[in-house]
Structure formats: C-alpha cells, structure tokens
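One chain, chain A, links the two complexes that follow: it is found with chain B in the first and with chain C in the second.
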Partner chain A sequence: MKKNPWWRGLAIGLFLVYMLVPLAATLLFSFATRWDRSIFPEGLTLSWWQAVMDRRAFGLTLKNSLSISLAAMLFSVILVTPTAYWTHLRLPKAKPLVEIFTILPFGVPGVVLALALIRCYARFGGAIVYSPGMLVAACMVIALPFMYRPVVNALNAADVKTLTEAAHSLGAGWIATMTRVIAPNIMHGIVSGALLVFSTVFVEFTLANLLVGARFKTFPIYLVEFTRFDGRQASALAVISFLFAWATSLAVLWAMGRVDREREGALGAR
Partner chain B sequence: MEIVPIGTVVVSSLRDGNGQPTLANFSRALSPMLRASFVNSIRLSVITAVLGVVLGTLAGYAVMNARSRFFRGAATALADVATNFGGAPLAFAFIVTLGSTGIVTLLLSRLFGIALYPGFRVYSISGLVLAYLYFQMPLMILLIQPSLRGLRNEWREAALNLGASERQYWLRVALPILSPSLIGGFLLLFANSYGAYATAWTLTGPDINLVTIRIASLIRGEVQLEPGTADAMATISLLIMAVCVVGYLWSNRLSQRWKR
Partner chain C sequence: MAYLSLQRISKKFANVVAVKDFDLEISKGALVSFLGPSGCGKTTTLRMIAGFEQPDAGEGRILLDGADITVAPPNRRDIGMVFQSYALFPNMSVQANVAFGLQMHRLSKAEIDERVKAILDLVRLRETADRFPHQLSGGQQQRIALARALAIRPRVLLLDEPLSALDAEVRVALRGEIRRIQSELAITTVYVTHDQEEALSISDRVVVMNKGVIEQIGTPEEIYHTPGTRFVAGFIGTANQFNGVAESTNVFAWNGFQLRTPPFTGSGGSPNAVVLVRPENMTIHDRDPGPEGKNVITGIVETITFHGALTRLGIDVRGQRVVSDVTMGARTRFLLNQRVWISFLPEACQVMPRED
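For the complex of A and B:
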C-alpha cells in the first residue's frame, strides 16, 4: 500500500498547532507580567492567580457552579437510569420515541430554550422562572443526551434481561434488582454519563446568563465579566475552566477504558 | 419540560398582545435588520460547517492512519475534550491568541512583519469562524471516524486491481460511500454553529448581528420590541433546526447501509 505521509504529517501538525496554541497562550498569559510590546513576556508572576483567588466572588461563583452541576448530575442519574432501563426491558417499542427526545436538545438552541422556559413559566412569577432550581431543570434538558447515551450503551452490553430474570428467580424485588444487580453492571455507563452531565453543566453560560444572570452568578458568568475589564485574571479563570473540562473528560475516558480492558481480560480468560 | 415550553413559544409567536391570531410577529422578525441577522447566522454556520467537514475529515483520516497507537488515542481524546470546550473560555483564549495585542498577532508582526490588524479583527465574523472551527473540527473528527473505519481495504484493493487510480478510487468509491456521513456531519455542525451563543457573545459582544444574540437581547429587555418578535425568531430558528435534525437522522440511516 502506497503511503503519502507528507500531507498526513502536515495535516496532523497543523491540527495540533491550531488546537494547542490557544490553550498554551492562555496559560502563559495568566503567568505573564506584561506582554503587549515584546515577543516574549517581560516576566513571570503568580500575582494574577493570587488576585483572582483572593476575591470572595471567586469562591462563591465556583460554589454556585459546583452545586448546580452536582444537582443536575444527581437528578439526571436518578431520573434517566431507571427510565432507560425500563424502556430497554419493558417498552422496546417506546425506544425510538425516547431516542428522538434525546436528539431534540441538539436541535433547540440554548437561547430558544431559555426563551421558551421564560414564556411558559412566567405566569408562576419571576421567583420561580429566574431561580437556580429552574436552571438545574433546564440544564438537565440540555444534558439529557449525555446521560442517556452511555447508559443505553451499557444496558446493551450487559444482557440486562437475563440478569433481571435471574435476580427475580432468586427472589429479589424490583428495588433490590435495580440497586444491587443492574446498577453495578452498568456502573461504567452511569459514571461516564454523570461526568459528561457535570462537565456540560459546569461550563453552561447561555441558560445561566439568561435565566438567573446576576442573581446567582455561576463560574462562566463570572469569567465573562472578567474578560471585559481584566484580561490577566480572566485568563487564570479560563485556565481553571479548561482544567475542569480536561479532568472530567479524562475521567470519562478512564471509566470507559477500564471497561474495555475488563472486557479484553474476560475474553482472554475464556 | 421540553415540549410544553417550546409549544408555548410557537403558539405565542402566532398571536398578538391580545391573544388574537396574527402573522405580524413574523413580519417584524423579518424586518431588514433582523433578516440580516438570519443571513449572518446562516452564512456563519454554512462556512464553519463546510470548513469543519472538510478539515475535520482530512484530520480524522490523518489521525486514524497515524502509526503510533498512543498518538491516535491522545488525538481522539483531544478532539473529545475540544468538542465540549466552546463558550466563554474558548472565546477568551482566542482574544489572547489573535486579539489586537494577542500572542500570535505579536509574533507575526515582530518576526515576519505581517500586520494582522486592522485588516483582520478577531472580534468580528471572521474571528468567529476561527473560534467556531475550534469545536467544529474536532466534532467532525469524532463523527467521521466510524465511517472512515468502515471503508474496507478490500474495496480499495479491488478498485486498484481493476485499474483505477488512487484518485479515481477516492472520487468514485470512497466519497460516494462517505457522502451520507459527510452530509449528516454538515447538518449537525450547521445546527451546532447556528445555536452557539456564549462564544459569540464573549468574543464580539452584543453588537454583532446574529440570531441567537438578537433573541438573547430581546429576552434581557435590552431592546424594546413586541415580545412576540422573539417568539417568531425562535420559531423560525426551530424550523431551520428541525430540517437539520430530520436530515441528520435520514443521512444516518443511509450511512448504516455500508456497515454490515
């Protein structure tokens, strides 16, 4: 087979440069003293990081974002896992319908969703529409596919039907079957889904900005405010945000990779 | 949680302030300035989707055929993470990189004497194209990889044995097989770009004329207009998105044909 590695190498090189330069630039920028006259920063400092961490709003917005993400993650796990299991086992006919529901969030821009929620629930008063609770619910809608997909993939892989029948014939009730047989077997799917929900909601800006805005500042809102008046400290915040995204994504890959290895191991043992 | 609110918007886009059916909201939503926002949004989405499909497919092919297994894994992980980046941090990273005192801007002008400014501005539509590609291209890499893996070596060997050139193989065999996936990828990337808000808002501010920015400023009450206007704009957007989603599902089914 003829190889033409020159354009492949070039493509990969350009791709990597394009993907990595903005990250490296932001990281360097957050440590640089002054960097608008010369090619290299005139010095390195930790003071931007210090300044940004010292603000009270930093801890507050981080806490707000974490609680929103954790709440959305928890409710997604509690709601989506049994639903996926139930449709998988009992209502295979409803599957296409549920699949469409999970594609829909892709087709509804965040701005439109925010508008729709405001219009629909406005009659219950601003206290409900513009509340963190509404934000959690809205985030769950956009994060639904991220939760549903991995769980369904895990269900497909685990032969849930046999497991359920076995559990029942051994006298386990529904709750025991769910929590002690099914859940451990699809745990990697639940964990990946939950992490994806977490990372999606953590960086969510559109809904947070339009639904709660200044009343309940999340980390991304805080970051955008900073980009308007202090680039250095904003770059430190952006780096934190990137690190969060990387950490959760790597955790997802790790969770999935572990399953692959387990499967390989199981095959080898046979 | 999803259907009811969206239904409310569609219904209220067809009503005036007194609840009477009307199309006035739509005619307002298609006034010259707002119509321009649709044109801008669609143009931006088409450009980033086409570039994303082409570059993402090339990069995806190059990554997939890389020799080192570790590199393939790492590049896929990078694409995976970058797809979810977007938003404020991404926009800011581009300001730092290509802004008026950005790092690449400085490097180019000091080392090569190329002045990016004022000919190019990162805070404009062309800046948005660059920033959007940062999540469009990786998304395409992830979308196209299963189809690229589905291209069997036997097909290529068969074509070459029958006297086809490398170029003929790509044009006559590989591309037709890939085309449903490419179309599906285009539609998904289009929708992805059309709905993006945070990146545009951080990078260019509220003055850029895009649909999502307009709807958001109507929600925030920065612009005084009939409330129905936002609903009408949202409804038109939903129609555009519906075409994308349906087209995507259809192309997905077509591409399954070759995966037996």
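For the complex of A and C:
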C-alpha cells in the first residue's frame, strides 16, 4: 500500500490555500500603497499600521476587548466547569437537558440576544443594561457551547466518578476534590474551552455594539469603524486582532505544555 | 465486641433489590471477604460502608467503633478504600498520591514525609516515589493505591476487587502481600471478590452472598467443608450433588445405589435430601474395591480434563454425571469409555434438604 496517496497532499494543500490566502491577502493589503489596478500591490508602506497604532483609541479598545474577553473566559471556567462536573457525577439524567441549553445560543442571533437583554433588564436602568458587566454576561451566553463541550469531553475521558470517590475516601471535601484532583485531570478540556471563549469574545461585534457601543468601545467596534473609511487600515487592525488571538492561544498552550513537560521531566529516566 | 457492625441494611436501585437485610459483625483486626457472583450485592454493601451509597431508609444502621456512621459523609469516616481500577490521581506523582490523604488530614510536612516513606517501604516501592501512575505496572499501581489508603491510618480498609484487573501471577503474589500488610498493621479489612480461591486464601471469615442476601458466614474451612446451602456448595469449589431419597436417617437411595451418610434429620419430614460429595474426596478404581465401609458407585469415563496437579474425570453413572479428581501419576490408568468404580466414605458426604 502507498504511504502517501496523491489526494492526501492535494487535500491538505487545498485546505491550507483556503485558510491562508484570505489571511495573506489581508496582510498584504494592510501594507499596500495602492492595489486596485494591478494583480499585485503597486507599492508597500507601513503608514496604515502606523496610522491605526498611533491613535489613542487603539490601545484603549485593545485593553477593553482584552478585559472583556479575559473576564468572560474566567467566569465561564468558574461557572461551567463545576456545573459540568456536577451534572456528570450527580445528575447524569439531566445531561440531555443541559446539552440542549448549551446549544441554544447557536440558535439565537446576537442581535436578538442583545435586544432581549436590553428589554429584560431595562427596568434596572441604563447603568446596568449598558454596562461592560452585562456585555461579559451576554458574551458568556454565546460562548457557552465552546466552554461546555471540551470540558464534558475531558470529563468523559477521565474516570471522574472513581477519582472523586478516591479523593473523598482520603478525607478530601468537594472543593479540594475539585481543585486538586478533578480540575488538573480535565485541564486540557478547560484550557481548550477557555481559549475558544477568549477568541469568540475577543472578536464579538454585535453584542458589544448594541450593549455598550461607544460607551465602552471594543476592538471589533474600532475595526468596523475603520472599514467605513479605509479598508487598508481596517486590514491592519484585522491582522492585529488575528495575531493577538493567535499569540494568546500559543501562550496558553505553551504554558500547558510546560506543565506537562515538568511532570514528565521530574521523573528521571525510565 | 464487634468493631464494625452492619445492622439490617438494605438497598434498592429503581425497585431492584441489591442488598436485603444485611447483618454482619466484624471484629477489630479481622479480614472479612464478601464473596459472590456478579450482581450479588457485595460491592453495594462495601460502598455503603464507605459512604458512597446510602442504605434505604428504615432500621438499617452501620456502626463503627460504637458510633453510628450510617449517614456520615465518606470523607469523615476514616475509612480507606482501594478500587479495582486503582484510581490513582494521574496528575500526581506516587509521592503526592500517598501524601494527598495526609494533607487532607492536615498533618505537618515533616510528618507527611516520614509517613510516606514508611508506607512506601511497607509496600516495597520506595524507589517509585517520583514516578507517575502511568509509568508503573498494574501490580505496582495497586500497591501504591493500597499504600495511599493505608497512609491515613484508616479505621477500616475496604478493597473492592483489587486484583481483578491484574494477571494471574501478579494476583497471587499481591494477595499474599495484602494479607501480610493487613496482619502487620492489624487493620480491620473488608475485601470484595468474586474469586473464591482469593477469598478462601486470605480471609479470616468469608461472607458468601447471592441475590442481595447472605448465604453463609464462616471461616474459609467451614465455607468449603460444610457449605450451609446448595448455592454455597455449588459456588465454592465443585461438589457432586446427589438427589437422594431417605431410606433411613443415614442411608439415601440414589440412582439405584445406596449411599451411607452421617445421620441426617433436617429434611422436615420429607424423604428427599441432597448428598454432597467433593470430587477430591472420591477415589477411583479400575475394579470393584468392595464395600468395606465405603460407598461405591460405578460408571463409564466420559471426559478426562488435565488440570496440572490433578486430572478431573467426568463419569457417567447410569445417565448422571459425576466428577472426580485423580492425581497425575494415576491418570494413565484411566481411559475414555473405561468402566470405573468410585468409592467415598460416609463421612465425606454432607446431606442437606432438597429445595424442590
């Protein structure tokens, strides 16, 4: 049997083209002086990058997006992990119901969710409805499936019930069991979920625009504003946004890998 | 006085009875095995002792050292548990696994270090302290699991089929190890197994269970030599069961033969009884040995099965199968379809009532 059939290389090649061409084009466009009369840009410049980064709003919106994403990520981990664990362990019959809840956000468009939240919480006043806190909460809802699914997969892969019982029999309470035994053993699921939440929330535009808008401008709002008057500056921002999400993911994965390596390294030769 | 006492505990799962009116007293330092087929309720009972399952509401109580622990949470019972699947924490080294319980009991670091070393010495695995569970063999993992459970100096140690996942050689070695450690520490132990050889070889007492109820409690010798019920007789070892009709208190007619037995009066007026004879208590002859105070029956050899130290013959005695063991040296004397005579002493027979 042939080890590498030709179609395997072709499939991978097509996939890479599909994924990389838009990115490369956006990157190239952000450096282009003019690119509407020829196949390749007429010249290259750093001025669009300089223009977007020189503005005060650049740092501010980046910081806002970062804080919203980190908060949504943190609260998702804190809320979803124990819930998934408890359902898995104590309420297995409720699992199908929880699964339905977690895929509901896929069926509700961001606009509908934002308007529903505004109508529902309007009675508490604008300070609450149009606050970054509400945005974090709304983002957690849309990112719920991304957090829940990897955690559940990790729980299914580990023998959580027996590990829990072993910890209890050794005198551990629920918190020690969760933090010292269960969480480390489903850490890959938690990290995957957290990264997906972070990236989803970092690029979330609809909810941010409708709930906080100009009061708490996020990076995607800033980016969309640029698309209205200069595609090249918007491209520079899109590339920055992509690099940012990518670098965050890599950083977390690197940290996870280091934990694993330390675990293996502590053992000496075997 | 009983150290661990189970009083009339019952447990149902969705209307299926798992354990019914279970009564047992275990004295301090004893090793008691729960033995029975799958689904007999032995693991459920163990889990109720551990606190992972609650007995059904009612009169059932579990007392440990005089205190009622029926509803105490598992982490407050001071009961160590060893699981069939080892349940070592994969994210922790051997050292950290063993230290975990001690940290939960808030011992000082120095004391934890000292105890971890001592207990790893006890299970003879000190050199593995820095390894992780996935780097150990199954037998080593189970010894670490045992060390981890023992490190907290539990009042009772529970073992749930601890050797089932191991291969035969390791199983035999490790069960000896478990017994050695248990005796050394004189720790009250409950051992669940479906393997009769395991139960008989390491226990002070064996509790044979079937369908959620206790069939018999006794020493391994009592369980083997004087089974209390037909279930026990059939489950522990092999026993020929002759459905006889009483001719007198110590003579039963079976299949045209007269079987002499110890006196039996327990049939409640019914003339029917079962005469049990273990294969190893029978002797096989190639010619009629004559009665001489023995029971003698005759039949044709149908099967010969080699078991290593002994060979088991299946003999057709007037349409009914009788099994009997012979030692290897004698094996060559018997051939398939050969007529043989089986003799056994009346004292080798045990009589019990027929349930039909």
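Note that in this section the second predicted complex is superposed on the first by the 222 of 270 C-alpha atoms of A that agree within 3 Å, B and C clash if a C-alpha of one lies under 4 Å from a C-alpha of the other, contacts with A are read in each partner's own complex, and residues count from 1 in each chain.
Just so it is clear, a contact is a pair of C-beta atoms (placed from the backbone, for glycine too) under 8 Å apart; a residue touches a chain by one contact, two chains touch by 3 or more.
Note that the structure is a prediction, hence the values are computed from the model and not measured.
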item: Which of chain B and chain C A:L74 touches, first, second, both or neither; value: neither
item: First (chain B), second (chain C), both or neither touched by A:N185; value: second
item: Contacts of A:A166 with chain B and chain C, given as first, second, both or neither; value: second
item: Chain B versus chain C, judged by how many residues of chain A each one touches; value: B
item: Which superposed partner A:A176 touches (first chain B, second chain C, both, neither); value: second
item: Touching residues on chain A, where the partner in the complex is chain C; value: 158-159, 162-163, 165-173, 176, 180-181, 184-185, 187, 263-264, 266-268, 270
item: Sites on chain B touched by chain A in the complex; value: 1-2, 4-6, 8-9, 12, 55, 58-59, 61-63, 65-66, 75, 77-78, 80-82, 84-97, 101-104, 106-107, 110-111, 133-134, 137-138, 153, 166, 188, 191-192, 194-198, 201-202, 212, 215-216, 218-220, 230-231, 234, 237-238, 241-242, 244-245, 248-249
item: Residues of chain A defined as touching chain B within the complex; value: 1-2, 7-9, 11-12, 15-16, 18-19, 21-23, 25-26, 28-29, 35-36, 38-39, 101, 103-121, 137, 140-141, 199-200, 203-206, 209-210, 213, 220, 223-224, 227, 231, 234-235, 237-238, 241-242, 245-246, 249-250, 253
item: Chain A-touching residues of chain C, taken from the complex the two chains share; value: 50-52, 73-76, 78-81, 83, 85, 87-91, 93, 100-101, 104-105, 130-132, 135, 148-149, 152
